[in-house]
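Given below, in the form of structure tokens, are the structures.
There are two complexes below, and they share chain A, which is joined by chain B in the first and by chain C in the second.
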Partner chain A sequence: MAWAEPGAGEDRQVPARVQNESEGRRRNAGNVRAARRRVLPWRGAVVPGVILLLWFWAVDGGRVSHALLVPLTQTLAAPWHDPAGQQIWAAAGISLLRMLAGLSIGALLGVVAGVALGLSATARTVGSPTLHALRQVALFAWIPLLTAWLGNGEAAKITFIALGAFFPVFLNTEQGVRDRAVVYQELSAALLLPWRVRLRQVVLPGALPAILVGLEMALLIAWIGTVGAEYAIGTGRGIGAFLATSRDQFRMDLILLGVLVLALVGGAGFAALRGVARSAVPWLKQEEAK
Partner chain B sequence: MREVLETVRSVASAPVSARLALHGVSKCYEVDGRLLPVLEQISLDVADGEFVAVVGASGCGKSTLLRLIAGLDADFEGKLSLDDKPVRGPGLERGIVFQDHRLLPWLTVEANVGLALTAYALPAAERARRVTEVLELVGLDHFAGAYPHQLSGGMAQRAAIARGLVSQPSLLLMDEPFGALDSLTRVYLQEELLRIWERRRVTVVVVTHDVEEAVFLADTVVVLEPDPGRIAARLSIQMERPRDRTDPRFVAYKADILRRLRR
Partner chain C sequence: MRLSKRSAAGVLSAPWWPGIAVRGLTVSPVWRRRILAILLPAFILLAWAMAARLAWVSPQVLPAPGAVLATLAELFASGELADNIRVSLFRIGVGFAGGAALGLALGACLAFSATVRAYLEPTLRSLFAVPTIGWIPILILIFGIEETLKLLIIAKAVTVPVTLHTADAIGRTPPRFLELADVLGLRGWARLRYVTGPPALPVICNGLRLGLSSAFIALVVVEMLAATEGLGYMMVWGRTLFQLDVVIAGIILVGVVGFVLDRVLSHGMSRLRRGGYGVG
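And now, the complex of A and B:
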């Protein structure tokens, strides 16, 4: 059983002060995972890099030529030299602000609803069926209703984004609160903690890892929802509108630029959230390793 | 405001140790619509300052008994009183230590211990003084700013004991406090617990399945038998402390209790 060897080797690396064997294995798994995380970002750049190189080699090098294929250099130069392409800066900024507005509202309501339903059985029986039924409605199916109620302006878009961000945060918060509530309920009761202290010191920090997972999902959905809303609702500015205009003008370079910016902003937002989450909760890494 | 002051005063003047009395305490759980008795007619008197260990196989209801005394479960029959006052709900005159340390991972040791003083609304300086004092007592004063995940299992359990003691309870309840520790740490903490008990002279009820631990620690060992949980025997351990685990009397007590548990 040669493949059993690495596991045995890992156990030997456990520092001497770790007395408990299972504890040691847990910490070790954490170390391995941390090491892998350090390598990953570099590896992750390989695939997009190769695609960009292929694009450059084929199109810019004149090996392939078609109306739908524009040179990489032209696409990358557009935000600086092209008057229409320069719009992308403002568009990205507006989309980002719009997403942050919707995400904040949706996530805040999600945490409130999740805590309420996670703590109170009454709230759960009253609210749960409705919320779980609404969750089944595909996100984009809300657009006709929202535009009918709120018009084609900012209110409809932000409501739409908030709606998308709400559910992952709500579901994760509820689960996180319920899991932790059981463990720490007796402690809170024995220490006679007032409900406000209980909420601030016990329930919310306990659910924080789950809330952050929900927030990561919410960020993804909110970003998709932002561009979707801009594209589908159509008025105003933003990357979605930028894409729609570029398509109407058949500017392939600007469409590709829009897609690139979407991926970059979305990815950067995700990484930033991860970073903030990890530094904001020093004990989180330990929790994950369990 | 007056209420707060009164609470503070009553804390300051609280008796060091308490007298615990259980009379005909029975408890049932409902399982699949049927009532399952877990504790039957438990009667027990614990003198103030006494160290009592409750031993029994797992599932004999000993943790349930502790939860009733802690006031975490008010659904039982019989009488349960502390210094002649009936127990209704939890109270800070009863400190509790759980089997898993149950420290909040996001709070430092200091903040975890201080959490047990929340209900007293003490001035910050007084609060800090008490936390420091109790951390010194358990030997964790240098780890006040550490997070639970930075502590070993034994240190975490000592922090939990500090949290149980910081409100200066007259009764300390411990549910398998050293059950999750390795045997060396367990023995060490048993000695530490006796040292702390001798300093504080608080009444202690500890629940354990470790017979040796019970004989090493307690003035009185209460043996529970299961299905439903009843008191099978109550033994007074007539040995001076510190007790030698190899002493023939110690070994005889152990054998006696084990025999009663096996029946």
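And now, the complex of A and C:
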């Protein structure tokens, strides 16, 4: 995770080694406690279980009543039985498509810029200061300008998502290309490989693990950016717009539902990408284990 | 050209070509870098100025660089900027302090007690998996759009990275250190100060830095969505009135303030590390 970019500022940035090392420690400890934890995995379910039971007992049982305290069953049934809640399915799909559009544009530009700046010191000197200055701006600060220029429709949203996805991919690609092993550079120079072959056979495979790490971070940022842009702009459809509408209608059950879907879709997308990355680049696992 | 030919010929005498002209021909690497680095910003600025001057796009859509500068100066002179920045910094300060304190405490609990970890970690991880943007509508319904909302959102943004990094950092103490501490009978503060603390500090500092950067992003978001003052609000207000000079000035300010905050914190951190402990 040497390429991890500390300033990216998205929420779930746990370096991969964090998990690996804590797992290693768990194995090393090998004491009774660790063994018991493996036998009793239900302990993690106690707190959420108690909260849900309390919620069900107090609110669904009619013991407490407040406009904000919605019954648990009503919240869980909303995507099937509530006409407003049923829209969550379409909203999630639209958000996902929108994110994919922005992510692919941003990631593609990020790889191109990263390879260019990683390979050429001149390009780096020319482009790096400007890109790093732009990166300093907190992502959401671009929304007012983008909506003023591109309107409240898809163009502004997708540009915004692409902008968010661009930076982690760019930074990691550049680092990955710069870190490529000297031996391969020397070999490809000695073999007089044409640049196209060099790029395809040497540079890109070498940078692939770094690019994938960047892509994982980009996915998280793009997802937050998608929902954030939908929520802030408030027009059109999508999970963010669903949340904004539910907020205006004071529907806590729909908000909780939307947030749940938001977290689940984000997590599932991240896991899917990670799985694809692991199978596409088998050596990534070994590299992380180091 | 001449110079290289002569040296290639092995002439060791001073070049007959006047010194100034030679220096004019060969640019030193430092200056080459400087010129290259300024090329792109200069080009963008030039294109921007020309687009505004020649009215390629309406000045309402793209105000001239001079207009943005004038707006910045005006905001600065009227004290509006200082007010907005003060409000934003206050929110960051309180939210960061609260979030960092909670994150350090949670992280320490997770790291020191396996029982706490077993019970709380899955819950915390699922809560942390909900991005800040998801908390905003929930908290708006509960707290309205008052100050509490902003502070809670910022604190939440800080707590997540600080907790994760603290838990990881403390848990990472080499077992040999712990064994040594047991042998020496170090407990409580002394153990923290000399054994667990030093190796954990850099990682915790990293967590705090990430926390601050998340806090700043959260601040901008929450001020844009629900505020009546502050940097983020200033930009939204400029957007509503279609005063894009204010919006662009706001983007520049957000970049500068974010950069300065990060610098200040990492400077403080490195001082703390150098001053407090011999171990980096």
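Here are a few things to note about the model shown:
Here is the rule we use: the second predicted complex is superposed on the first by the 221 of 290 C-alpha atoms of A that agree within 3 Å, B and C clash if a C-alpha of one lies under 4 Å from a C-alpha of the other, contacts with A are read in each partner's own complex, and residues count from 1 in each chain.
Please note the rule applied: a residue touches a chain if its C-beta (ideal position, glycine included) is under 8 Å from a C-beta of that chain, and two chains touch if they have at least 3 such contacts.
On a predicted model such as this, the values are computed, not experimentally measured, just so you know.
Annotation for chain A, partner touching more residues between chain B and chain C: C. Using the contact criterion defined above for the overlaid structures, shared-chain residue A:194 touches chain B, although it does not reach chain C. When the two complexes are overlaid on their common chain A, residue A:202 makes contact with chain B while staying clear of chain C. In the superposition on chain A, contact is made by A:281 with chain B only, not with chain C.
Of the two partner chains, chain B is the only one touched by A:186; chain C is not.
The intersection of chain A residues touching chain B with those touching chain C, taken from the two complexes, is empty.
Chain B meets chain A in the complex at residues 67, 70-72, 90-92, 94, 96, 98, 102, 104-107, 115-116, 118-119, 147-149, 152-153, 182, 185.
Taken together, the chain A residues at the contact with chain C in this complex read 6-15, 18, 21-22, 25, 28, 33-34, 37, 40, 43-48, 68, 122, 125-130, 133-134, 136-145, 147-149, 223-224, 227-228, 231-232, 240, 243-244, 246-247, 250, 252, 255-256, 258-259, 262-263, 266-267. Every residue of chain C that touches chain A in the complex is listed here, in rising order: 33, 36-37, 39-41, 44, 61, 114-115, 118-123, 126, 128-138, 140-142, 157, 160-161, 164-165, 168, 171-172, 175, 206, 209-210, 213-214, 216-217, 219-221, 224-225, 232, 235-236, 238-239, 242, 244, 247-248, 250-251, 254-256, 258-259, 262. Listed in rising order, the residues of chain A touching chain B in the complex are 17, 19-20, 23, 183-184, 186-187, 189-194, 197, 201-202, 205-206, 208, 281-283, 286-287.
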